[in-house]
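Structure provided below as structure tokens; questions to follow.
We call the chains A, B, C and D, going by the order they appear; numbering starts again at 1 in every chain.
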């Protein structure tokens, strides 16, 4: 059966669909999350001996960091769809995703700082990846600040879409310049990312946690999207009749 | 096409000349910020020489940031911006003209003032020269990227603070390599070519992409 | 020839109008009437390309305006609530800049003639800041005389004008319509037309 | 893996559990806030609806 994408592109049809999806993602987030944590804390053999117990923070830190970057790409993608198809719903979803992306960045920064404290002894040592995460947070804050500064929804949607696009073009350059400030001898990542020699159980636990975070990043934006739809479509027929039914 | 570009640049320059004070404010802001640091950090020669690159570039960033608000604001308020959007000329050329005029009034003075800062911070002649060249290539990029923010936050109350919130993260690569060049120039025998080619690459990228984004931003804001 | 095909505009989550259809032949004048907030200004700004309509299409000589973009801008002159002139520049400089930007090569005495015709003789090289509100409006209206656009879109052009200026503007509009131009304006004064036909469009209920 | 060891985590217990705790707390707070927003918006809209209905009669 061919999925008629445009059927779901109107807020009226998207709203009930989101309503049905939210409980599903809620249950998935919880189940996979618990399973991931159980696997991470109990199934990992004694590889994590005493002095390396702090390693378990990566079960939270890495998924949050991945999600923070992934959600920014999602925001830009929906903004692009909005700009090209002039679809109001696409802008609303971009608006719904951004705050969750910002929270993921905050989580990544916090857990990263705790990780830094345990492994290198200082809360913040301007490690290139952590600095990039901090800059990503500034970009999120800038995006949300612009969105809330403009009252007219139409203009705030399109202005923030352009800003998100400009941000996406600049992010690789920023991350690269933070990682390699001295172009002559570009020590790309002086902290070689410890992904290579990782023990399979830990990797499995971390990947499950990433899936759980991913489900979470579907859940909350969908809920926030419903709020935005209600707010913006309050004088449309389907909202009034829906509210009457509920009253 | 070129005489349109020239017309816009001359228009903005004559406008600025009519109000002499606006031209000098950015430069004096830069000087004040640069002169504040020694009072705060201490005037010991070695530390000053060490912090000079970072201070100069952060001050240049802030100075060009504050001057950005005037880029479109006066045209927006008296309706000439609308007329510009309705001319049969490509908007990107008009935007480039305005940004060039804006850079001549705010970016270039910073470059010319750099020797004074070099003296204040006991920089060697060679370092001051590198600083001037780095500023010469870097400040246009600041104006170009800043123009995008100015276009997006047109007519918003509290636009200045919002503008800096949007644009400062995007300035970071220029800050890193700009101050990196000046710092590297202090080390004898260090290779500066890489820094300047990077800054030039940023300038080229900004020249190509930022007028498009600024034009889109203007169309959205003037609606 | 301008054609509007079921145009719809939404401003701030409020649907101003939808399914708007009309066309304008050369040598005709269109009044747009409606109470405040009925979307008159938005309609004018949509026609001249400043505002993006929700849906519907605007065609100029049977070609969609969005594909024409710059060529269409050549044909259109928009005068909104703002005067569109820089107050630090003199009347002469303002007109010269807008002429070069519009791509018309206009020589000096044509500008001086336009300014003189609008009753600004002697005020040409004063910064428009010192002029009165009415005189500033006249400088903005002087652009009509030196501009080669066919379609004029005027948003309440008669505001802040004294009686003499109103007659002057009416004669300029009538003359423009007489030799094949098109004018869309929102106003409260009627324009006495000798040639060409007059259409009216009522916006809002 | 006795309970005390579980919480001790080789001396890093505080660090691990604070980061895990803050993470899940922040996520839970976000869910609750958005849910509450939903409630207030629909309440406000229904009240506005009732007001308009009263005006129409």
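The rule we apply is simple: contacts are C-beta pairs under 8 Å (C-beta built on N, C-alpha and C of every residue); 3 or more make two chains touch, one makes a residue touch a chain.
What you see is a predicted model, and the numbers here were worked out from it, not measured in a lab.
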Quiz item: Which chains lie in contact with each of subunit B and subunit D?
Solution: A
Practice problem: Please work out the Cα centroid separation of subunit A and subunit B, and write it as a whole number of Å. | Solution: 33
Exercise. Measure off the straight-line distance from the CA centroid of subunit B to the CA centroid of subunit C, and report it in whole Å.
Key: 37
Quiz item: Hey, how far is the Cα centre of subunit A from the one of subunit C, in Å?
Solution: 48
Quiz item: Between subunit C and subunit D, what is the gap in Å from one C-alpha centre to the other?
Solution: 55
Quiz item: Which residues belonging to subunit D are in contact with no fewer than two other chains?
Solution: none
Self-check item: Multi-partner residues of subunit B (at least 2 other chains)
Solution: 223
Quiz item: What parts of subunit A, by residue number, touch at least two of the other chains?
Solution: 154
Quiz prompt | Those chain pairs that satisfy the touch definition | solution = A-B, A-C, A-D, B-C
Self-check item: Contact set on subunit C toward subunit A in their complex
Solution: 10-13, 52
Quiz item: Mind pulling up the subunit A residues that touch subunit C in the complex?
Solution: 86, 151-154, 232, 235
Quiz item: Of all residues in subunit A, which touch subunit B in the complex?
Solution: 135, 138-139, 141-142, 145-146, 149-150, 154-155, 158-159, 162-163, 165-167, 169-170, 173-174, 176-178, 181-184
Quiz item: For subunit B, which residues are in contact with subunit A within the complex?
Solution: 145, 148, 152-153, 156, 158, 162, 165-170, 172-173, 176-177, 180, 184, 190-191, 194-195, 198, 202, 205, 209, 213, 216-217, 220-221, 223
Exercise. Provide the residue numbers of subunit C that touch subunit B in the complex, in ascending order.
Key: 45, 48-52, 70-71, 73-74, 76-78, 80-89, 93, 97-98, 100-103, 127
